[in-house]
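Since the structure comes first, as structure tokens, the remarks are kept for the end.
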Amino acid sequence: MSGIEAADASGINGAGLIGDANPLRPRNTILKRYCLIAGFASVVLVLTAHVFVFQTDWARTGGLGQMLKTAAWFLPNLGYFPSILLALFETFLIALFGTLIGMVIAIPVAVLAARNVTPAGLASYWAGRVTIVLSRSVHELIFALIFVSALGLGPLPGMLALAVRSVGFLAKTTAEAIENIDIGPVEAIEATGARRIAVLLFAVMPQVFPIFVGNVIFQFDINIRRAAILGMVGGGGIGLIFAEQIMSLAYDRAGTVVLGVVAMVLLGEYISIRIRSWLL
Amino acid sequence: MALLEVVGLKKTYPTGETALRGIDLTVNGAEVIAVLGLSGSGKSTLLRCINRLVEPSEGLVVLDGVRVSELDRRGLQRARRHMGMIFQEYNLVDRLTVLENVLSGCLGVASTWRAVTRAFRKDDIERAMELCSRVGILDQIRKRADQLSGGQRQRVGIARALMQQPKILLVDEPTSSLDPKIGAEVMELMCAVADEHNVPILVSVHDLDVATGYSKRIVGLREGRIVFDAETREVDRSMLQSIYTDQDAA
Amino acid sequence: MAVGEHGITVDDARRDYRRFVNLGRLIKFIALLLFCIFAVWTAWYMNMPLERLSGMFGRIGTMVFNRMMPPDLDYAMTGNVFYSILETIEMSFLGTVYGVLLAVPVAWFGAWNVTPSRTICYPLGRAALVLSRAIPPIIWAMILVVILGFGPMAGTITLVLLTLSFAGKLMSEQVEAIDMGPVEAIRATGAGEIKTFVYAVLPQVKAAWIGIIIYNWDSSFRASTILGFVGAGGLGLYLRSTTQLLDYERAMGIILVVIALVIASEILSHFARRRIR
């Protein structure tokens, strides 16, 4: 039967159990789709039960009331705020320099990881790409741990941890931008007999510059949040103070720290927006 | 000795497409030579094989005694400094100013440090400005290249190519992206300036009128082969017809 | 002196240019100088042990190759640790699912063009997005551990918040970029807010949203591997315990497992993205 005949045969009122008997939506597909959704939903429910019911010590957590009470402990103690300003400033600087160092490292890595300008063919391309993947797979806390053990406690390992972490994103997006450039100007500069590096600087860099700067600003924004926690493993900044307050059960002070972090993040976002409109 | 000699140039792309099937060409003095042919006839490929933006599959290119087609990377860079190229799509660096674009013509000889800091030599800047003045864009030199019109951009392209003080100008369909009146102005300018500097031009065109209007010699190209090579005044109808394939003529 | 077509001599241009370029160079130089001074001051202010930088690579090399190798992968594959890997995936999965479920209405509320109420819903939506994003996930995790106790529940909710902040923001931006035509058309039929959303907004953003969700899974999964560090469930717990006990070979084993998992998850999402096309 052709589709039209089938439609005629089912008639306008031909409503089946699962949807209308519409030849454009055969029953099999709808059945399949519902089964998939049901299956998915049941997996979700089972896992939810597992996590929320079985894995949680409800005796200690208490009911919703207790949870809200505990949450209220975090209400910020504003009197404590001035004492953390210095640490917040330090955190801000860690984020700033971490981003800048990462930016400097990311440029050569991006050149390596861009198929059209990589200097040593497949070898350098893979070197660049692997660096990017590693930088993005390892959390900054782990990098911070490594740097702290090599340099001691303080903001420097924190900056380096952020730098290494930022390279991944910056190099990846810049490499993609390089791979998408207009080849015309590159040909033109090559045709003048310019050296490789001159071609890079004059034909490639100007084209990717706006994207690069935008991404650096974006990373700076993200790095402020990352910098806030590095202190927990010794990387400087406000992270240590936060951990200390939690451990000494001074939850209201911890709340103050959170407030400070939020304020710092919002300030950072504001600065990012201003710089972006000024530069681009 | 001829200025440019092309012997037996062939190019087959990795896709299997053969663009050039054996080109022999000689350029002697400061003349304007038009390479006339339809799209796909190989004119662009021919120009690009001369400065090896496209690597020829076979054949010899000799510029002023130097066997360009056999040079290594360094040697090729040095050779390219003597060949100025002007592109159909202008190929300027959009974000840079007009002056910087013209100055990029001397990147071949500038040291790495100068390229990094954009600190070009005073006499280079001087020469760039004079070229800009000659092509009529001196009042635009601080504008970004993407703020210019098509005709203005091509003038910058001309200035950039001449900045190299080249021995020959390789010009790829310079007016195809411009409307006819502007195109004519650009062609006039280009031929005049090249003449002043005593530089031969090898220009690819698909428009008959442009070929006959500005060149002293026309080389007809069809499907990768030269079908005629004669002084413009000697070119007749049948020669012009030969650049069309049987399908086009029908 | 040749006079250009526009009445400017080359001399004029040269003078003009030199002034311009020199000023530009001066400004750049001053800016660079100020920045260097700032950098040096920062280094001094924060007592940065710059002299230790020279030996840094050597020390890291020693640490990695002597103390962290060979990585104790058996440790990572046994009993509790292996179970925590599963828990990490579980947390990540649930966090993404619930996060997306929550992100849909929040993205809708937080979109200026189609939010059901510009005075109530919009600020709520925006606040949710900003707040979830302004607080780093680990801090969220620590707070939730205090409120909810140790375990994957705190971690899952942290990931829900993370998804909200990341995917929610991107999804909201997509909604704000839609074509309002269909929205007006559906509204004109007298349909309520929810129906308008489902019939006019959703179809337009669906494709982009799926891409965002896949992209978000990557970053969610990465975060989930570390949340255990503060007791919120998953593999991170063992990272903490091994480094505190100076069991570096085991720590390295865990780090390698984390890297492998993250790469595996990225490959999966890469294929998922391909299939969507």
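In order of appearance the chains are A, B and C, and numbering begins at 1 in each one.
Basically, a contact is a pair of C-beta atoms (placed from the backbone, for glycine too) under 8 Å apart; a residue touches a chain by one contact, two chains touch by 3 or more.
Everything numeric in this text was worked out from a predicted model, so none of it was measured.
The touch graph of these protein chains is complete, with an edge between every pair of chains. Set against the Cα centre of subunit C, the chain with the most distant centre is B. Put simply, the C-alpha centre of subunit B and that of subunit C have 49 angstrom between them.
The distance from the centre of subunit A to the centre of subunit C, each centre being the mean of the chain's C-alpha atoms, comes to 2 Å.
Those residues of subunit B that touch subunit C in the complex are listed here as 99, 125-126, 129-130, 132-134, 136, 138-139, 141-142.
Residues 51, 53, 76-85, 87, 89-96, 104-108, 110, 112, 115-116, 157, 160, 164, 170 of subunit B touch subunit A in their complex. By the touch rule above, subunit A contacts subunit B in their complex via residues 184-185, 187-195, 197-198, 201-203, 206-207, 209-210. Residues 44, 47-48, 50-52, 55-57, 60-61, 67, 70-71, 73-74, 90, 93, 97, 133-134, 136-139, 141-142, 145-147, 149-152, 154-156, 225-226, 228-229, 232, 236, 242-243, 246, 251, 254, 258, 261-262, 265-266 of subunit A are the ones that touch subunit C when the two sit in their complex. Residues 2-6, 8-10, 13-14, 17, 20 of subunit C are the ones that touch subunit B when the two sit in their complex.
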